[in-house]
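Across the two complexes that follow, subunit A remains constant while its partner is subunit B and subsequently subunit C.
Let's look at the complex of A and B:
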C-alpha cells in the first residue's frame, strides 16, 4: 500500500522488478536510471548479493499528472532471487504496489522463468497479496539475442507458459539496448495508479 | 516540540528497516534510542532531516553500530525530536544502509540477538554453520545479586558432573561450555555466555544438589557469584504451585539434556515410549491449559522430518501444557505429550501463575527464563543429533 506523505504532498508507491537470476532486472533498472536521469531523485543504491544485485532508487514519473494534488514518487526495486535473502525480500515486497516480471527469452531458461513466477506468487501470498490482483506487467527480455542466432522462445510460447492464466499486458524488450523498457515501466505505473484510485475509491 | 519523545514502540512490531523508513519519510530530526534486554548497551542513532548521520552503541560508533542493530529481533525504541549537533559521519544513504544491513543479516554476517524462540524457527532446517553447539546469551546482569566475582581460565572446570554443589553463578564475561559425560566420551551440549546462569534452582531445595553436567571455561571467564540466600528466600516465598513449576522446569532441563546424550549414544527406544502411551496433546495443537501430574507418567516427544525425538518423561508433580510466560519449544506447539494409561492430572490456574511470575524480582525471572532458553536450545541439539543418526532416511 502506498504511503501518503502529507508534509511533502507526495504519494510514495513501490514497484518491484521480479524474475529469475540473470534475467535482466538489474539491467532494466540501470537503463531507467540512466535514460530518465532527470526524473530520478537521489543516488542509485546497489547492494551486491550472492549471484545477483539488489538495486533501489527513487523515481518521479513525469506526465502521469498528480493524484489529488499530490506528486507521485515511485520507489523502484529489484529483489535478490536467492532463498537466503528473506529479510531483504520481506522489506522489498511488503506493501508492494506494482510488479514487473522480467522473463528470460533464452530457451534454456524456460524452467527458471516458471519457477520464479511461482515463487513470486508464493511470496506475494505471504504478504496477503494475490498475483491475480496486483498490478502486474510481463516483460520478455533479451529479444535482441535472436540476431546473434541464440535460440529464443517464441512470444507465443512464453505467453502460453507464463501468461495464460494471468492475462496481463506483456512487452518484448531488450534491457541492454533499452528497447521496450520505458514502455513496460510506463504501463506498470499506469496500472499501479489505476489500482490506487480504485483502492481509495476515488471516482 | 523539543526534547520530547514523539514516537515509541517495539521492534517486534515495527522492525528496524520500517522504522528507518518512517523516520525518513517524515524527515525527522532527532535522536532514536533503542534498547534490548539481550544486549548490554543501548544504541543512539542521530537523524538529520530523515537521514542517518551518526550512531553510537557502547564503544562502537557510526555505521557499524547501526549494522549490528539489524540483528536485534526485539527491543524498545523511542524517537526524540531534538536539534542534533553530532558530526555527520555516515555518508551512506538511508536505503543503502537498510538494504545492506538486511543483506548482511541474511548472509549471517550480523549476529541475531533475541529470545531463543527466534532461533528455534530455523531448527528443522538446522543451519550447519552453527557448528552444532548453540551459543546462548542471557539478559543484563543485575549486580545487586552478585556478592563475589571469580575468574576461570581456558579449560578450567567450573562445575563437575556428579559432584555435589550449591553455588549459582552468572556469567559476567566470556563463554563456558556445558558438557555431559557419557560412556562414549564427553558431549558438548551448549555454550553459554554473558548473562546466562550456571547452576540450578535445585540448590534452593533442602536436598543436596548433584550437578547434572560439567561446565568448562572456553577462554577466560569472569563469573559473578549470586546471593543464593536472597534467591532462596524469594524462592521460599512464592506459592507452592509456582515453586512446583520451577522445580519441574529444572528437572525438565536435566531430562532433555539426558535425552540429548541418549540420542547421541543411540540408546533411545522411541518406539517403546510411544507404543506404551497414547497421545493426549498433539504437536501444534492450540491448548491454553496447564496440568500437573498426580499419578502415572507422560512422555514429551517432538516429531521432526527425521522421525520422533523423545525429550523426557514426566512424573508425579511435573507439569505439562502451555505456560503463558514461558516458551521452551516443547508442548503444545513444538512437541506432543504421550500419557500412560493410568495418568491422572489436576489443572493449574495459569493466569494466577502469570500474575505471580510478573511480580518476581528481575534476577529470579532471568533464572527461570534461562532454564527455558536452555531447554529450548538443548531440544534443538537433541533434534540435530537425531538427524545425524538417521541420515537421509526420508530425504
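Let's look at the complex of A and C:
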C-alpha cells in the first residue's frame, strides 16, 4: 500500500514488474534508468546471480514531480522470474500498488507466461489483493525478434491466452530497443495513481 | 524449407535462446539440429558439423552447471542492505519497522547484519521476543546453533527479559535443538518451575517464513454458542508453533472449559501480534488439564489457526 504523507504532501507508491524468468523485466528497468534520466531519483540496485538472472530484485526510484499538489515518488521493482524463487517474489510484491506483467513473446515460452500469471494471481491473493482489481498492464515483450525469424506468438494469441478475462491495457514492446517500454510504464502509473486517488481521497 | 535452411534456422534459434539465458530451450534446438543432420544422408561434412554443435551444447551445459552452483545468499553491499532494510519495512511504529527491516535482511540471507539489528531490537520490550527468536533462527541458518545456546544463557542473566519472555525463548530454542537431535535441557528463567515442559510437543518451524514471523501474543474469542453466547474472552498465548497456538484457561472458568470442546470451530478470533491485528478462524485441536507445576489444575487448549 502506498505511503501517503498528508503533512508533507508526499506520496510514495510501488510498481512491480512481474513475469516469467528471462522475459525482460530487468531489461525494462535498465532501459527506464537510461532513457528517463530526468525522472530517476536514485541509483538502480540490481541483485543478480550467475547468468545475469535476478536473485532478489531490481529497484529503481523515480519521481514524477507534483501532481494535484502532491509530490509523487515511485519505486519500481522487478521480481526474480525463476520458478524456484517463489517466496522472494512474494516478499517483493508486498505493498504493491500497480503491476506490469511482462510476457515473453517467444513461442517456446508460451506455458511459462501462463504459469507466471497464475503465480502472480496467487501471490496477490495471499495479500488479499485481486488480480482483477489491482492496476495492471500487460507487456508483450521481445517483439523485435520477429525480424530475426524467431518464432513468436501473435498478439492475438497472447491476448487470448493471457488477457481474455483480465482485459487490461496491453503493449507490444522491446525492452532492448525501448519500444513500448515508456508507454507501458506511463499507463501503469496512470492507472495506479487513479486508483490511489480513489483510495486515499487525495487531491 | 530445404534442409540447409531448416538447419540454419534451428541453429539461429538455439544461439538466440542461449544468448537470452534460455538454456534448456537452446539445448533442445541444438539437439533438434543434431537429429536433423543424422537423419539426412545428403548433408556434407556431417562429422564436422556435429562436432561443432556438440561444442555448443557443452558450452550451454557449462553455463547450466555454473548456475546450479551459484550462491543463493551472496554477501550484499551495505548500500543494498540499506535498501532492503528501508524498503521492506512497512509499519509506522519505529520498532516494528526496524523489526521488519531486520527480518527482510534475514530473508535475503544477510544473517550477520540481521543479527546486529536483532541484537539492538531485543532491548525493546514490544519486539524483543520476536527479535530473540530471530537471533536463534539466524544462528541456526548459519549453522551456529551452539552460539544460540550461549546467547540464551547470556540473556538469562542479562535482566533484559521478563521471565515469561525467557521461557518462550527457551521453549523455541529447545525445539530447534531437538529437531537437530540435540536433547540438551536449557536452564529455566528465574522464578519459573519446570512446569511447562509437557506443553507443546509441536515441532517448531525455523524457516524464515512470513507466517512464522507473526508471533501472536494474545487472542480474543467471541463465543457464538452455548450459555456464554455473545461473551468475549481474551487469552495470552503461552506458546505458538507454526499455526498452532496454546492458551491457558484458568481452573475457575468452569463454564468456559465446558464450552470449549475439542473439534469446535471458533469463528471470529482476533489475533494480536506486535506488528498486526487480524481476524481469523480456528479449530480447538486439544484441551488437557495440566497435571503438575504452578499451573496445575488449569487447562491448556490448543487452537489450530485455519484461516486468517
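The rule we apply is simple: the second predicted complex is superposed on the first by the 167 of 203 C-alpha atoms of A that agree within 3 Å, B and C clash if a C-alpha of one lies under 4 Å from a C-alpha of the other, contacts with A are read in each partner's own complex, and residues count from 1 in each chain.
Convention: a residue touches a chain if its C-beta (ideal position, glycine included) is under 8 Å from a C-beta of that chain, and two chains touch if they have at least 3 such contacts.
Every value quoted in this text rests on a predicted model; they were computed, and no experiment measured them.
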item: Touching partner for A:140 - first (subunit B), second (subunit C), both, neither; value: neither
item: Subunit B versus subunit C as contact partner of A:56, first or second or both or neither; value: both
item: Partner, of subunit C and subunit B, that touches more residues belonging to subunit A; value: C
item: First, second, both or neither for A:47, with subunit B first and subunit C second; value: both
item: Which superposed partner A:12 touches (first subunit B, second subunit C, both, neither); value: first
item: Contacts of A:171 with subunit B and subunit C, given as first, second, both or neither; value: neither
item: Contacts of A:101 with subunit B and subunit C, given as first, second, both or neither; value: neither
item: Contacts of A:91 with subunit B and subunit C, given as first, second, both or neither; value: both
item: Which of subunit B and subunit C A:33 touches, first, second, both or neither; value: neither
item: On subunit A, the residue positions that both subunit B and subunit C contact, one per complex; value: 43, 45, 47, 49-50, 56, 87-88, 91, 94
item: Residues of subunit A that touch subunit B when the two form their complex; value: 3, 5, 7-8, 12, 42-43, 45, 47, 49-50, 54, 56, 80, 84-88, 91, 94
item: Of subunit A, residues touching subunit C in the complex; value: 1, 21-22, 43, 45, 47, 49-53, 55-56, 59, 75, 87-88, 90-91, 94-95, 106, 108-109, 145, 148-151
item: Of subunit B, residues touching subunit A in the complex; value: 17-18, 25-27, 70, 93, 95-96, 98-100, 102-103, 105-107
item: Parts of subunit C lying in touch with subunit A, wherever the complex brings them together; value: 9, 12-13, 16-17, 20-23, 25, 63, 66-67, 69-72, 74, 76, 79-80, 83, 87-88, 90, 104, 107-108, 209-210
